[in-house]
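Here is the structure we will look at.
For reference, chains read A, B, C, D and E in written order, and residue numbers begin at 1 within each chain.
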Amino acid sequence: MSQKSRSTLRPLIALSTVSLLALTSCGNGGGDGEGGTITIGVTGPQSGGGALYGENVEAGIRLAIDELNEQGVTIDGEEYTVEMRALDDEYQPNAAATNAQRLVEQDDASVVFIPHAGGIHAAQEINTSRSDFLIGAYSSDRRIIERDNELTFMISPPFVSYSEPFIRIFQEEQGAERLGLLATASEYGQQWTTMITQDWEDAGGEVLSNNNFDYGAVSDFASSVARTLSDDPDVILVGGPSQTTALVIEEARDQGYEGGFMIMDQAKFEELELFTDPENLNNSAGVKPVAEFDDPGTDSLVERFAEDITEERPITAETSLNFQAVALVVKAMEIAGTHEDPAAIREAMPEAAAEVDDVFRVSGFPDEVTDEGLLISDSLEGAYRDSEGNYEYFPMDIE
Amino acid sequence: MLEVRDLCAGYDTVDVLHNVNITAEAGRLTLVLGANGSGKSTLFRTISGLVRGRSGSITFEDKSISKLSSNRIVRAGIAHAPEGRHLFPQLSVEKNLTLGNYARRSSKSELKELLTRVFDLFPILQEKRSQAAGSLSGGQQQMVAIGRALMSDPKLLILDEPSMGLAPMVTEQVLQAVAEVNSEGTGVLLAEQNAQAALGFAHYGYVLAEGRVVLSGAASDLQNDPEVQKAYLGV
Amino acid sequence: MTLFVQQFFNGLSLGGVYCLAAIGLTLVFGVLRIPNLAHGALYMVGAYLTYFFLTSAGVPYILAIALAALVLAGIGIGMERVVFHPLRNAPHTHHMIAAAGAMFFLHSLIQAIWGADFRRMESPITGRVEILGTQVSWQRVTIVITAVVVLIALTWFIKRTVHGQSIEAVEQDRVGASLVGINPNRVSMLTFGLAAALVAVAAGLVAPINLLYPTMGDVIMVKVFAIIILGGLGSIPGAIVGGFTLGMAEVMATTYVSAVAGEVIAFVVLILVLAIRPTGLLTKAVQR
Amino acid sequence: MLMQVRGLSKTFGGLHAVEDVSFDIAEGEITAIIGPNGAGKSTLFNLITGFYRPTAGSVTFKAKDITGHPAHRTAQAGVARTFQTTKLFEHSSIAENVLAGCAAGSRSTLIDAVFRTPRHRREEKASMDKTLELLEFTGILEFKDEIAANVPHEVQKRAAVALALATEPELLLLDEPAAGITEDETARFGQLIRQIVARGVTVGLVEHKMSLIMSLADSILVLDQGRRIAWGTPEEVRSDPRVIEAYLGAGSQGSTSQEDGIQERTPGQGA
Amino acid sequence: MKLTFSIRGVGALLVAAALLFAPLILAEQNYLLRVLITGITYAIAVYGLNIILGFTGQLSLAHGGFFGIGVYTMGLLTTDYDWSFWGALLAAIVLTTVVGFLAGLLALRTREAYFAVFTMALGLIIYMIISRWEDVTHAYSGVLGVKLPENIGPLDFSEPATYYYLLLVFLAAAAYVTYTLRVSNVGRRLLAIRTSEDLASSIGINVGLNKQLAFTASAGFAGLGGALFASAEGFIGPNSSSIDLTFELLMFLLVGGVATVMGPIVGTLLVLALFEAFQDFQAYRFILLGPVIIALVIYAPQGLIGRLNELTLRWKRRRAAAPKTPAGPPDSDSPADPNDEKAEVR
């Protein structure tokens, strides 16, 4: 009897020991005292369906930090090393907020990067009240800056910026009338769809049946594609994760579709090209590939991404925009003379925008940081791949 | 051939068998009598490895089988047609029968021979060979159960109350078949409530009551023994 | 009309994949009475293994699927031994939770090995064929043909071979099976191995028209549960009929109603079936 | 008559498990149901206690028709039962088992329990008293804190009776109460059954151990192949040729001649 | 019996004291307080799960869904419809209870694995509705600005510690109800059903009705937990109704101990602490945690508290010089089923 009970108890003892150890280790996760380290916090999906996305964001932050440390960071006359601490939130809003608070309290982070709208919203519930930290919001959901949260800056251009040039290309230049809807059924896809539907109709076009479906949950999307094509559209809105988007485009081409695609900004041309025959992408509008920018730092970042992160996939805006944002925020710390006061850092950001080193200017570096927290770049462009497979770039107004 | 010595067995906190001693000779028909609840089924289930004995020994052809699993025991030559039959109801009669040969893995021709033997014994099964076993009448199901046990070409056939739930005429038929199998040289260990009918065929008999052997003897002797009646009716 | 024919083939290929995935689950349930929640994770591992053999090892496509099936069968057997065998006498709750643990483990493991990236598995089978006036890709034709071939082979295995028969025997009567000399332990392992192999084939077939990622099995698992409930837990013909029915229903609902209808139809069917006939539509009333 | 059973039948897919069985259970008596394996005794039990719904016939308890009532209503009406394979709440202590029997009949709701209303406290007290009394009555008080699965079989048997008695039945139906216990234990169990009757609870039982039945029962119902073949006092039943035939097969006349070659064995002695 | 209770009582008191003083100890550690707050809202839902799983033995996989209904009732009513926290809280409980009742009518016609699969489908449908019915739930956009409780006199619930104590009151209520269930006739009726439905109905327990009530109450608790969660978080999204959540709740319960009083809270906080601790393993923590879950189920299925209860009982019995323990059943591997022995003809 006693033998049996001992063996049954063992896992429990192990479990409680582990958890006790873990709890005590929670307490001393912080930096090595004042002066030495600046911690940049990140909470994003590292597991589950969004893991790759999270990895890309982290890559940008890590590359920026490496570069910064090479150059040296001096705040108020003192040398600092920048560190990244990333936690997994599995794309869950409440987990993101919890992580943010943990990063702030236990790792002394004063800036936390969050790459999804839900997590940003949840963190905004606490970042000016229960805790005190600056949110680096990587999401193009405009509500983020409309909440008047003083400690948020929005890294990616709001997706509304794409609507006007997209419609211009297809409606005005090509005379397209019938718009099919085949985007992912996520929050983001729905917002995009609503926006495009309204703008397209306002511009005099016809919007066909909504065939949005969850790119992550459907095992075979041929039927949604077929249904969209049966309406005979001139152009189709697609978009979600690049890889799935590529398959949707390919399926449509395979089923004989020859019209154009408007590609939501979540998908990137450089990734799409990897997952389907690039010819399938002809006559599509979307986000300009990072490598196509000719900003001063572009080439070096592309190279370093391939060297330090991976050669298996190309660098995308998820990496480059966060790369830029980290540089911006650290520069703001230098200008503000503090790495601990989020409000001061935020306040210094507009000034910092002009002073960031060229090596961090990669893909439309922000020229301006608005009062509400939007990073605006005059040089940001969209991309159109014509029927020959050549890219043309068009300017975009961030609004 | 089969020797059960001082066997105790049961389930969980229930002891069913108390020091049971039984011998089944090769080629003979050994009868185990007893009212229900007397432990016949438990005895058989212990022999065929479905229940582990708590103590005592079971040897078959001088080898101990008390630690073997039931598939090993079948391979050793003991086939058990259990109470409740435990057929594969949705499989055809023929499938049920061929599965009976599972442990033996006989060659095709041997299999055919065994099958013919069963069909000779129970001609009705040949007619119903492709029907689902579960759709047969009780008597026919019992025939399938016996047939399935015979398909392993056993040296000892254990039959647990083959007459249960059967009409007297069918019982007669089934018992006749058992006698025939026995006369062809297969040892049989048979449990029956229907003592009189079975004693007519048997060579030797044991009477179980409340998990103990209370009587044993040549079948002819048991046939008119009032003690048998006492064991059943508690007179 | 072309749309219908097109969708019919889509439904057929989807149904074929569902079938293969569902049969394993239903077999495991029939023999061990376990609803194996890790089945979707096995599907995912199967897809990655096919990917590995095809791209990294350079094995031809169909052979890659076969190899993946073989390896996954081993994993399935291991899972039976390590996770479910020790729990064979435990209440069903425990199985489900342990299976969830196994599922989380496999997700993490695959992510650790192959990363969280979406992966595209290019099928060497390209091009299209015209059937009844519509273009159907050879890959889909391959799916349907392979599914049918595997289903026939499986039926032959179950019905005609000794090992296959032992599965059916244990499913129908455990005691009877022991008495004819069938080792229930071995049948459990065999069933798990077979189930894993089948789900690997399903995954290998569908991978080229889909993407690989560590949580790719989550979606299919729910559908597969819907299928085996529809067909009756433990029933192979039920899983086949249920698989094709659901595949077809999903495709047709997406085409003629809406995308959301296609997504929810599995659950609606599930709830309706359980509400009307809790033991599944195609099961005969089982005697107690 | 406490309970009247008339023309009770039950078929399972064409098989007549119980066919046209009628008998009475008289108040304050012990009625036994016997028969060979598969005679339909347990089915009859399940029909009377509402676990099965009869195909035909009626069951009247205290002049009220309870035919086809679900099991819990039958129990609430005053018919308690035990099961063939002793059923207990095996992970609970013996006392908790009996308390469960008290709980079944209690009227108190969760609201009462949460707010500890007087009714709740009264019932809790009464339940505990009743439990202790029943454990004492069945002679297993010393096991009250033991987990049911761990106690000897005899104790389990008695606990099952205590549990059934906790529902305050007027009729207690015991399904093979003496299966799997030794002769001494069986004898003691017989005494317990008599004491139960002395408490004013009528007893019906299915049993194989003839020694117990013959010494205990006031009347015996004999079933064979689902039909009633005899119903009467132990003496009547014992000498009824149909009963002997059912048990021993045709041709047995209960001959008294004793011949040589028969070794009589005393229990436990072995070969 | 007295001694057992006192040991268990001491344990319970320790946990209670730890919870009570947590905000003081944690002081400025808002993060840990936040983990605790989230943990408590989950634990309340776990108490709900405990009622149906622990007391009637039916595995419900719809509880993530019920939790989600609570989350969204609170979330939507206090924002789009501008209800007060308290009104929305009541509505959340009532709505989940009603949904639970209706679902129970269908679900409880099935048992065991079927019940589990049925409720899983139910949970998924709830999730589908929440994540797709954009006009009402805002789907993936989520709901911003869920209200905290309105101040009561000097109590300012925007202060995390104050809100924490409010949650503690609800938690205590949930634990108390569970305790009461365990030691009262109502709970005994349910436990009876869990062990054997036949035996339960043989002693006059209306199995169907009691299961229905248990499932309903169980859903209600999940809704309460969800509503409190929504308010605590401020922002909610469809994830709070997902099947993953169901499995997390289940894991909390299993680690703590099914059918115990302290199990849900101890299990929830312990596992959450583990999750937080293993954050450094990031995506790969389940390579470790997966096997831990399996090992727990195999080696300690009664959970931490269940195990402790057993040990105290055994210790107590040894001290009391227990009556001779009968020999246990042999370690048999055979598939024998004692019921077969005397099976009646079907």
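Going forward, contacts are C-beta pairs under 8 Å (C-beta built on N, C-alpha and C of every residue); 3 or more make two chains touch, one makes a residue touch a chain.
Please read these numbers as outputs of a predicted model, since none were measured by experiment.
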Number of steps on the shortest touching-chain route linking subunit B and subunit D: 1
Furthest chain, CA centroid comparison against subunit D: A
Rounded Å distance between subunit D and subunit E, as computed from the means of their C-alpha atoms: 39
Distance between the centres, which are taken as Cα means, of subunit B and subunit A, whole angstrom: 74
Where subunit A and subunit C are represented by their mean Cα positions, the distance between them in whole Å: 35
Euclidean distance of C-alpha centroids - subunit C vs subunit D, Å: 49
Residue list for subunit E, restricted to those that touch at least two other chains: 132, 283, 286, 292, 326, 335, 338, 340, 342, 345-346
Multi-chain contact sites of subunit A, meaning residues that touch two or more partners: 46-47, 51, 185
Residue numbers of subunit C (touch at least two other chains): 107-108, 111, 116, 175, 178, 260, 263, 287
Residue ranges of subunit E touching subunit D (in the complex, touch as defined): 1, 176-177, 180-181, 184-189, 191-192, 195-196, 198-207, 217, 317, 322-323, 325-326, 328, 338-339, 342, 344-346
Residues of subunit C touching subunit E in the complex: 29, 33-35, 82-83, 86-87, 90-94, 96-98, 100-109, 111-112, 116, 174-175, 178, 184, 222, 225-226, 229, 233, 260, 263-264, 267-268, 270-271, 274-275, 278-279, 287-288
Of all residues in subunit E, those that touch subunit C in their complex: 53, 57, 59, 61, 106-107, 109-110, 112-114, 116-118, 120-122, 124-125, 128, 132, 243, 247, 250-251, 254, 258, 283-287, 289-294, 297-298, 301, 335, 337, 340, 346
Residue ranges of subunit E in contact with subunit A within the complex: 28-32, 34-35, 38, 132, 134, 139-142, 144-145, 158, 160, 229, 233-237, 239-240, 255, 270, 273-274, 276-279, 282-283, 286, 292, 295-296, 299-300, 304, 307, 311, 314
Touching residues on subunit A, where the partner in the complex is subunit C: 46-49, 51-52, 54-55, 185, 209-214, 216-220, 222-224, 226-227, 230, 241-244, 246-247, 251, 254-256, 274-275, 312-313
